[in-house]
Amino acid sequence: MTATIEPGTAPLAEALDEVRRSAQSLLADLGHRPRALRIRAGDVVVEMEWTEQQAPSAAPAPAADAPPPAPVEQAPVAPPGVGVSAPIVGTFYRAPEPGATPFVSEGDQVRRGQQVGIVEAMKLMIPVEADADGRVVALHVADGAAVEFGERLMTIDPEAA
Amino acid sequence: MTATIEPGTAPLAEALDEVRRSAQSLLADLGHRPRALRIRAGDVVVEMEWTEQQAPSAAPAPAADAPPPAPVEQAPVAPPGVGVSAPIVGTFYRAPEPGATPFVSEGDQVRRGQQVGIVEAMKLMIPVEADADGRVVALHVADGAAVEFGERLMTIDPEAA
Amino acid sequence: MFNTVLIANRGEIALRVARTCREMGLRVAAVYSTEDRDSAVVRFADQAVCIGPGPARHSYLYLPAIMEAARQTGAEAIHPGYGFLSEQADFAEACEAEGLTFVGPPPAVIDRLGDKSTARAAMADAGLPLLPGTIEPVGDAEAVAKVAADIGYPVIVKAVAGGGGRGMQVVHEPDDLPRQYREIRSTAQSLFGDDRVYVERYLPAARHVEVQVLCDSHGNGVHLGQRDCSVQRRRQKIIEEAPAPGLPRGLVEQMGHAAVRGLLAAGYVGAGTVEFLVDDQSRFYFMEVNCRIQVEHPVTELTHGVDLVREQLRIAAGERLDVSQEELAARGWAIECRINAEDPARGFLPTPGPLTGLHLPGGPFVRVDTAAVAGGRISAAYDPLLAKVCVWAPDRPQALARMRRALAELSVEGPGISTNRDFLLTALDHPLFVAGTHDTSLVDRLTASHPREES
Amino acid sequence: MFNTVLIANRGEIALRVARTCREMGLRVAAVYSTEDRDSAVVRFADQAVCIGPGPARHSYLYLPAIMEAARQTGAEAIHPGYGFLSEQADFAEACEAEGLTFVGPPPAVIDRLGDKSTARAAMADAGLPLLPGTIEPVGDAEAVAKVAADIGYPVIVKAVAGGGGRGMQVVHEPDDLPRQYREIRSTAQSLFGDDRVYVERYLPAARHVEVQVLCDSHGNGVHLGQRDCSVQRRRQKIIEEAPAPGLPRGLVEQMGHAAVRGLLAAGYVGAGTVEFLVDDQSRFYFMEVNCRIQVEHPVTELTHGVDLVREQLRIAAGERLDVSQEELAARGWAIECRINAEDPARGFLPTPGPLTGLHLPGGPFVRVDTAAVAGGRISAAYDPLLAKVCVWAPDRPQALARMRRALAELSVEGPGISTNRDFLLTALDHPLFVAGTHDTSLVDRLTASHPREES
């Protein structure tokens, strides 16, 4: 956390007071403790660091709401439910052939093991199957798109089975 | 705790006071101890760091009682009390000259500023002085032994003053 | 030159190839298994594609996935590294079929030189000395016994399709031959799906000396001197050096020329290595050809000042060698130690796991090739190579001293992880190694006397 | 040879010297201030002695403490590194008085070459070309004005006792001279306690080229080629390379021979550097001598394959040079970039603080000299050099590409820490630097156009 304040020409003591007060008030307003704090105003700099272990005072438990580090290649937010992943790197097709009816569309009920798409890799047509009974609540990949191994293609809500 | 002070002249003392006071007041208001603190005002910088082990909690003025991070090569356990450290790397002597009575022995009462030994470095005889009023409770280094800068030579119990 | 190169490998060699690509201004496309999601090459690459789960046969060895990744990334060339698909003629062929440049020799050459029988025939034709034995596979136990009697015991029976230290058997006594012949055929069948074997004289006290060769697609070839790789545990090299210590000067040149002649005759293109055995009377015998960059290539780079991966890429792009044999001079001495996450006291059992701390050697004339980082992990799914520590010095004694210093600087921490660092230091200090008169039996001597840790 | 060497320094150079000592089988004694308690060399050394608090004048510059540490550790020789006491004749004398070997030239030579006036006289006597100007210090403003008028403006007024970029002033106009003359004298008095100054022609567009020399105590001297150190910020070098680009071959040899001749004439013993300015017509002029190992010595080590610290120690032990000028050949190209913990956008203000993360470049032909480790800190008490990243390649374009790749691999993390990495990359990419036609004004060009960070 870094806060930068425009440099002022006030004498040092005043500037120091201002920066310190700023730090105090920022920390108080925050309600929790950051890992590090740095406030600079002209020549005056206040920096603080806290250890990870230190209990963040009266703030709620941080571990509970801290999201895990997101893998770089994962889709930003996956909806809840069971994901159907690409079984191989290749090209995803929603339908058995160009122009044909897609295997599934959003809202469809599917059964575990039911074919819901195809990934083509080097002329190999690898069927994609539903991992659970449920309703298709989201399709994440367009027809004909390149997909990596393990990439989430669609999401099934098993509650809706 | 580390305080880094750049060399300078008269107005420096004032600035130093200001920065130190600012640090003290910030820490007092904080109510807990961060891992590190750094305040800089112009050429004056005060930096502090605490070890992980130290209880943060609502301890009183932390600067006063916080022991410095234990140096790796220091004697395993230093008895409680005020340490008297070698002012320079060199040879420690307990007495003003060979055969003479030692400046102090275990159990002696000493006053702050009283000479309690000598460290010789390249023919320079650097007096070692007591840092506090109290009783010499332990001598850690033998007469004629090589000592490093900062090595604890003896311990004074100020309670016994 | 290409725009984008796909690196069909993992670990330190993937990163090493990526570094050279970057320096040459080529776009780097990496592939990774789910085990390697956070690997160094993934972070380094311009683009990275997940090609499958941890087990290599479903990812790094799975041809359709690699080819798809190349298509998706728009790669024009594929660098296979070492291991995995690097010596699979099928893979080189698939690249050709897709219009991709395979960074390595043509498929037919891989085929011919990968089969030990045809490789021996090709090298014999080119005038390279072979150990007494058969060139053609031997069809039955009686024929083997006859050949063995002719060339004298001990003999070694080798699978034609073998490699990497697997599929061979030393036979010391005629009485053992029938049983061991049957065993090796059955092993070869199960390992390689090919039970053909051949027989040659076994040299118990030989040195493993190999010659690094570069051949361009215009019929030019040069060699970059020798590497001695005699320090092996279970036929896996652990210490390599360049040049080979104690070889007569004439022999060095003879071997170099023989290697170039052999590979040019075979139609070789790219960087390749011709492995020889050298006996205690400084006679050399062709053993096999490796159609790829080798783990130990850095020692040659350090002595010759040549980036071998750069030369591979240039050759693959159809460029000519830009150095002549006369210009290629070795300077000083280089040694590589392979740091494996393994426990020498438990039979070199791999010790995968999280890496909580890692401090690598640095400073003058030290090179470290690794994909390991503190906070990462050594995967149980792949070989346990953790880092290659390489040093250079003007002469061998200084190089040895530098390697000891560098290895002492290395620190690897993690629950359950141990390394062969101390074992390497012991090997470096062995009087035979110090004298440079060791042979491939060095590690056996060390392990025989090595105290086994209680477990 | 010695048994124990005390290293009277800190940071990367202390570790670098320690590494060579270890390789030579010498016991390593380190000294440290309380700031450096957990430093790399303290961990590396066989013995380490705390010599004082953080401020250098109470520790690394405090002669009695260093001498005591040498006594306590039983050191027979002291290596001073660079900076601190390395060019203090007093220190070399104190070593002599205590029967210790100072790893550097004799005190009288340090004295003579440390004084710019006597150094210029000595080099002029040895036939080295000097910039037009005075050899003797100039006593008053009138005399200076007369000299300046003779040699033509701009001139540079330099403190006789100056060095490291401090104590010099460029004067462009005769009218400015009296004031600037007074200023530089007063600055020199306060900085060095010596207000003597001299005058020479100022070259606005010169290149800083230096020659690395080794002289043994038997009257033999060799040079190890040139380094170009023209990329400087505030007269502090930040990029150095070997050889110097674009110098005519004849000039290279002329400068090399001149440097050796000059140092041998001065009675030099050890590793030393003769700094020259080279003007845009490839004329060279003696500037000063550095009586120590230099920060940028690795680039010479990489091109020449010589461990310069090893040579320093051998020479200090009275051994003869074991290489002749004919055998010393440069190979390829080497570049060093100094990674400083500083903020180029804030006038290169140092940014000390804890180092929470550090990832160093590695792989082919990359060398990193550093004492920094993740979990450590960059101290505000000393100069902000964090690491020296060095690369080697067969030619300059490849070396540049490799340096870009290496710098891109570097990552430094810590609250408040920034580095000059991106600034270095910008400098490397400047068309003048790429062409190798830059001079010492390059950084000024860059900072003039460098966007200042909004705050």
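Note that the chains are named A, B, C and D in the order they appear, and that numbering of residues resets to 1 at the start of each chain.
As a convention for this text, a contact is a pair of C-beta atoms (placed from the backbone, for glycine too) under 8 Å apart; a residue touches a chain by one contact, two chains touch by 3 or more.
Chain-to-protein mapping (UniProt): A, B = Biotin carboxyl carrier protein of acetyl-CoA carboxylase; C, D = biotin carboxylase.
Quick caveat, the model's predicted, so the values are computed rather than measured.
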Message: If you apply the touch rule, which chains end up adjacent to both chain A and chain D?
response: B, C
Query: Compared with chain B, which chain's mean CA position is the farthest off?
result: C
Field: Chain centre separation in whole Å, for chain C relative to chain A (CA means)
entry: 41
Query: How far is the middle of chain B from the middle of chain D, if each middle is the mean of its Cα atoms, in Å?
result: 36
- request: Could you please state the distance in Å, as a whole number, between where the Cα atoms of chain C are centred and where those of chain D are centred?
  value: 42
Centroid distance [mean C-alpha coordinates] between chain B and chain A, Å: 50
Message: Quick check on chain B: which residues sit in contact with 2+ other chains?
response: 36, 38
Query: Which chain D residues touch at least two other chains?
result: 353-354, 416
Message: Output every touching chain pair, sorted by label.
response: A-B, A-C, A-D, B-D, C-D
Statement: Note: in the complex, chain D contacts chain A through residues 353-354, 415-416, 455
Field: Touch list for chain A against partner chain D, complex
entry: 4, 6-7, 36, 38, 40, 47, 49
Statement: Per the touch rule, the chain B residues reaching chain D in their complex are 2, 4-5, 7, 36, 38, 45, 47, 49, 71-73, 88-91, 121-122, 124, 146, 148-151
- prompt: Which of the residues in chain D come into contact with chain B in the complex?
  reply: 34-35, 37-38, 42, 48-55, 59, 63-65, 67-69, 72, 94, 353-354, 380-381, 416
- line: In the complex, chain B touches chain A at residues 15, 18-19, 22, 25-26, 29-30, 32, 34-42, 52, 56
